[in-house]
């Protein structure tokens, strides 16, 4: 077992913003990140203090959507620079992590 | 692009505990955290070893619910002290991360 | 309030792989981790570059599934060695975190 350093990123959006599709397209086609996973939250609130939740009344109106990916630290730093004009400040968080890999794949990453 | 240090927190509950609503109210009204996102897991088990899953038989009975938020390290430390009487030990995890911000917003955070 | 060091792990699967059930069984019965939570993503792509999403056309065909757990660093290192033959390289990420505990429980962990 070998591990390489990666930077993990989570981007906080809401469904109503319409930013998910262009962001996914950008990460997939342009930035070519290793992999991306999108999650939908069931409730939440942001800086506005407004609650977003999946109750009967406002179901699916504006739920939280989180885009998660990881890649090499240098590559992620470049991607974050690119995204800074696309995503509002305070909505992108990142941290260092270890990715399990193997000897053969080490060169490819 | 600028980054500030934040502490990321994840709190592990289950739906049947009835703790989500009071916790969200507390984080929103009292602790005034920057933002909170709630996720529902589709399966899981805890210290009891009991599985919680969304199969036909026990759907929605006691699924895992995760409350995630981040804020300044000092503010989070205070919040965690407050929560220690509300959430059972072993259910709150935290780590350091970087939040993308910008020059203008730096003072507000 | 006391905190102990733990290693947080996230394992990225897709539903179509059929690996979730044996992995959960292994983590529960053999590795005896403290707790596991499973999440389903609503969309994503992996190294293949192929998108997996929950649209009408391909709903539930091959959505991302994430298995998350944390435990003592030494115990997790052993578990990751065990899993390295079961999970493809590049799908297991881990990082250090702090778990809130209390004085009485410290010995049990």
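Just so it is clear, A, B and C label the chains in written order, and each chain counts residues from 1 on its own.
Just so it is clear, a residue touches a chain if its C-beta (ideal position, glycine included) is under 8 Å from a C-beta of that chain, and two chains touch if they have at least 3 such contacts.
Given the structure is predicted, the values throughout are model-derived calculations rather than measurements.
Chain C is reached from chain A by a rotation of 120°, derived from superposing Cα atoms (nearest 5).
The two sequence copies chain B and chain C touch through a face in which the numbers common to both fall below half of the numbers used overall. Remark: chain B and chain C have CA centroids separated by 18 Å (rounded to whole angstrom). Residues of chain B found to touch two or more other chains are 39, 95. By the touch criterion given at the top, residues 1, 3, 6, 8, 20, 24, 28, 34-40, 65, 70, 95-102, 105, 109 of chain C touch chain B in their complex. Of all residues in chain C, those touching chain A in their complex are 12, 39, 41-47, 49, 51, 64, 66, 80-81, 84, 87, 89-95.
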